[in-house]
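See the structures that follow.
What follows is chain A paired twice: with chain B in the first complex and chain C in the second.
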Partner chain A sequence: MSEQVWIAGGDVICGTGLNLAACLDAFEKMQPGMGAMQHLRSAHANTFPVAEVKAGNDELAAMAGMPAHWSRTALLSMIAAQAAWNSTGLGAVSNYRVGLVSANTVGGMDKTEHFMETYLQDTATGRLREVVHHECGSITELVADALGVRHHVSTISTACSSGANALMYGARMIRAGMLDAVIAGGTDALTRFTLNGFNTLMILDQQKCRPFDDTRTGLNLGEGAGYVVLVSDRLAEQTTAWCRLSGFANANDAYHQTASSPEGTGNFIAMQGALNMAGVQPADIGYINLHGTGTQNNDSSEGLAIVRLFNGHYPPVSSTKSFTGHTLGASGGIEAVFSAYALRHGIIYPNAQFTTPMKELPFAPVTTFSRGNALRHVMSNSFGFGGNCSSLVFSE
Partner chain B sequence: MSNTSAHITASCIIRGNTVVKNGVRVYEAPPDVTLPEFLRGLYDRYSGQYPKFHKMDLLSKLGWAAAEILLQEVPMEHYAPEDTGVILANTSSSLDTDERYAETMKEIASPALFVYTLPNIVIGEISIRHTFKGENAFFVADAFDIPFITGYVQQLLNEGTLQAAVCGWVEQYHSGYDAALYLVEKKPRNGSLPFTANEAEKLYR
Partner chain C sequence: MKAFIQGTGSISAQDSTVFPATIREYEGNRLPVADPDYKQWIDIRQIRRMGRVIKMGVGASHISLQDAGLTMPDAIITGTAYGCLADTGVFLNKLVTQQEDMLTPTAFIQSTHNTVAGQIALMLGCHGYNNTFVHGAFSLENALQDGLLLLQEDPARKVLAGALDEITEYSHTILSRFGLYKNAHTQQLLRSGTPGTMAGEGAAFFVLGAEKNARSKAELTGVEMIYRPASAEETAGHIAGFLQRHGLQPADIDLLLTGRNGDVRGDAYYDNIETTLFAGRPVAAFKHFCGEYPTAAAFGMWMAVQALHTGQVPAAAMFKGHAPATLKRVLIWNHQHATHHSLILLTAC
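Right, the complex of A and B next:
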């Protein structure tokens, strides 16, 4: 059993940078990662900007130490998960009971799409090695094997809250004394499947996305991976932990197949539940890393839930998706790394592309990067399709 | 593990423009009434006041209407939402809507249809309407395998995963359709039957 769950380290790879340090630099210089597609091939290449990881599959494969014919989802996962583990200074994975809880929503769809191009022309063609890792769990297993994780492997796929739910699952296993450390977070590569699906829902912005802005018209898709390393009290003594994962909650408002309820009922319940578990009041939260996708529905629901819960005491808030795009299954993991690191180093991230406050909200996101903030508790929100809402609280 | 005692406390079969509730024919429309018209008729007769019905695809309308009729005059408020679930199956998945959606992709892909291009959306519609938040599953199979569905639900009741379940078959493709829903509970109600594959089969045939 472990009383507390500690964040011993973490790292990311996304459209904003190939690691956390590069992302911090991009935040400080106000350089969002969205642009025209360089790697994804799509009929919409000139219509929708995306936040791609700035490296081809060969380069990523070399970084990951994996073959380039494996899914980009696995390559991104391996790079961030290995870097996250290395950041803890704990040494060999084999010295501990380590689990990998990794979220994703597309699995090996990028390779499946490539396979189908030739297969649809001639069903005698196509290499089956491109489809064997199609399934979401297969990606996690490739990465677990490469990391040498033997004690527990699990995949979570609950749309946009997947990554946050991976942290919750990992934290519960540590509290229960089942594992010493859990590499928890998520990964997703850009695919035509997701781009076309979000385009059908008519929630993609043709400009850079504008979260929590009155002029917002949708999200930009991104890709990447982000993992924290959760450890028990005993292991935390051997390392310099960033902070604790003190509270978390998941709620479903069961309102619609894709949309949140207009008043953000599930969002409110998730944030309130995370605060309750952490044993803190709304006024104790020093910064909220918003889900903030830039869609009409999300930002309005999330904003109104914050108004109801924080009731006048609004902490600084921002959506780092204004830099990284929406990385779907990876977003909860990437933003957990940003949030935990922010708490440790007193950083508040800016919200890019912001011009116009939302009419229905009495607060607006922060637009400048700052260090040296006295942060004691930081909240990270991840609200998924189907009203699958999760909120995490990190505490010093 | 021995089986928890369970009962079919209500049933609703909809086929051939006829509704049979708890073994009794309760509604019939002339054979020339089309499926959309028939379902609209069920909505007007048994519900109304749920405008979201009109946005649904035919599969969801069929399952939703069958659940509406099944659960009328059956109070479910004493259950915690997490203790009630929905287990369904059919053979055509959401293919009817998939085809309609694919048709729209030639011009502008329809977001309204896209939402319904999964068979388990009908479970979502029933769950949202009746505040069911427990276990759910949708199986696609060649035919209504009654022993499989009853066995699956019995196991959920045995394990304590669910206290009550709406289960059965909701099939629709083009003009063809067939729905059979059962309410299964641990406590009997007036006129309930033992929850066995045999009893479910008798109600279905």
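Right, the complex of A and C next:
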């Protein structure tokens, strides 16, 4: 059993940078990662900007030490998960009871959609190696095997809250004494499947997204992976932990399959539950990394839930999706890394593309990068389709 | 970590209202779900839009809640290897054939893996914990483990946990190309002695609570996953260790319920450990009732809970030895391709 769960390290790869250091640099220089598609092949290439990882599959495969014909979802996952583990200085994975809890929503869909082009003409054709890793869990196992993780592998898919739920599940297994360390987070590659899916919902912005801005018209899709390394009390003594994962909660909005309730019921319950577990008051939160997708619906529901819960004590807030785009199953993992690192180093990230406060909200996001903030507790929100709402609290 | 199973519900190739008194037999390479009348649980306007796996999941969850006498669970957890394949296939087909043009959102919305858990929450108005595991043959097992953790953290909770997977034309054709299936008859499947099995699909749910009550059917004593064991010896060691942690020896297991599926390649693994670690113990099977799919152990668990509740093992389930006269402990051991092994220990209560 472990009383506390610690963040021993973490790393990311996303459209803003190939690692955490590059992302921090981009935040500081106000350089969002969105642009025209270079790697994804789509009929909408000239319509919707995306936050692609700035590397082709060959380059990613070399970085990951994996074959280039494997799903981009696995390549991204491997790069971030390996870097996250390395950042802890804990040495060989085999020395501990280590688990990998990885979230994703697309699995090997990037390969499957290519397979289908041939298969749909003749069902006896199409290379089977393109669908062998279609399942979400298969992506996690490619990475677990490459990392040498044997004690636990699992995959969570709760749409856009997937990555946050991976941290929760990992933390609970550490608390229960089942594992010493868990590499927890998520991964997702850009695919035509998700791009077209979000397009049918008419929630893609043709410009760079403007989270928590009154003029917002939708999200930009992104891709990437982000993992923290959660460790027990005992292991935390062997490393310089960033912070604790002190609170978390998962709730369901139970309002609509894709839309959030106007008042953000699920968002409120998740944030309140995370605060309760952490044993802190709303006024103790020094920064909120918003879910902040840039859609009318999300930002309004999330904002109103914050108004209700924080009731006048509004901490600095921002959506790093204004830089990374919405990385779906990866976002909870990527933003957990940003949030935990922010707490450790007193950083507050800016919200890019912001001009106009939302009429219904008494607060607006932070627009400049700053260091040296005295942060004791940081909140990270992740909300998704299916009403899935999760909130995490990191504490010093 | 243990729980009492307060209610169960299954939608499978068997008619769960008459199984095991009446067993449906199948010939061919798949066992399709015997669709019940979904109007019992779902508004008819919604039924038309819903994919089959969503209907199966919603239906099985309703049956299990009814069985437990529970209207509102505190948590909903699902496991699915493939997710909502039919809707995924529809959207993919249109994406490719219409060159990303004129697509509609319904199939995309219903293609996400958490659709079923989300739908159940939506229909119940349940704001509680909601999670979906998508990890092949560990999907059910993680859903159960998550449920056990939730009960350990807060014993007042009631958890609805289950698993589901569907067959579609696309998935069946593609999986067949991997050489997984063969034509057989369910009565002869387990002793067919050749490579390949019959495909299956289904959904099963369980209501878990920390306290025994009047509805309790069996105790979920433990769950374990073994990932890529190097050898059968390592697997046997894990199984023995798992039993030991629960204060048990192999001889204490009244019935070993294995996931044998008639594929001679995978069944040899069961044979090996059945004849060593479990020498002389009665062995039963369940995949000749439900077919092979990554979450088929959910059907096996549903069947085992029923057996523990009634004290009767269906004669048609027996593979080795005789149905035990008294049934106290059942160990379900399932493996997929020898790389994913799961253990579910159930005890009469």
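One rule holds for everything that comes next: the second predicted complex is superposed on the first by the 391 of 396 C-alpha atoms of A that agree within 3 Å, B and C clash if a C-alpha of one lies under 4 Å from a C-alpha of the other, contacts with A are read in each partner's own complex, and residues count from 1 in each chain.
By definition in this document, a contact is a pair of C-beta atoms (placed from the backbone, for glycine too) under 8 Å apart; a residue touches a chain by one contact, two chains touch by 3 or more.
Keep in mind that what you see is a predicted model, and the values were worked out from it rather than measured.
**Q** Look at where chain B and chain C land on chain A after superposing the complexes, then choose clash or fit.
**A** clash
**Q** Regarding the shared-chain residue A:G333, is it in contact with chain B (first), chain C (second), both, or neither?
**A** neither
**Q** Return first, second, both or neither, reflecting whether A:S138 touches chain B, chain C, both chains, or no partner chain.
**A** After superposing on A, A:S138 lies in contact with chain C but is clear of chain B.
**Q** In the superposed arrangement, which partner chain does A:N199 touch: chain B (first), chain C (second), both, or neither?
**A** In the superposed model, A:N199 contacts both chain B and chain C.
**Q** On the A-aligned overlay, A:G266 touches which partner chain: chain B = first, chain C = second, or both, or neither?
**A** Second partner only.
**Q** What's your read, chain B or chain C touching more residues of chain A?
**A** So, of the two partners, C touches more residues of chain A.
**Q** Just checking: does A:Y169 make contact with chain B only, chain C only, both, or neither of them? Give me first, second, both or neither.
**A** So A:Y169 only meets chain C here.
**Q** Could you say whether A:H256 touches chain B, chain C, both of them, or neither, answering first, second, both or neither?
**A** Both partners, chain B and chain C.
**Q** Common interface residues of chain A with chain B and chain C?
**A** 196-197, 199-201, 252, 254-258, 386
**Q** What residues of chain B sit close enough to touch chain A in their complex?
**A** Result: residues 81, 109-111, 114-115, 121, 124, 127-128, 131, 133 of chain B touch chain A.
**Q** Please name which positions on chain A make contact with chain C in the complex.
**A** Where chain A meets chain C, its residues are 42-44, 105, 107, 112-113, 116-117, 119-120, 123-124, 128, 131-132, 135-138, 140-141, 144-145, 150-159, 165, 169, 172-173, 176, 192-193, 196-197, 199-201, 250-258, 265-266, 269, 384-388.
**Q** Can you check the complex and tell me which residues of chain C touch chain A?
**A** Going through chain C, the ones touching chain A are 1, 76, 81-83, 91-93, 95-97, 99-101, 103-105, 108-115, 117-119, 121-122, 124-136, 138-139, 142, 146, 149, 152-153, 170, 173-174, 177-178, 225, 227-228.
**Q** In the complex formed with chain B, which residues of chain A make contact?
**A** Per the touch definition, chain A meets chain B at residues 196-197, 199-202, 252, 254-258, 386.
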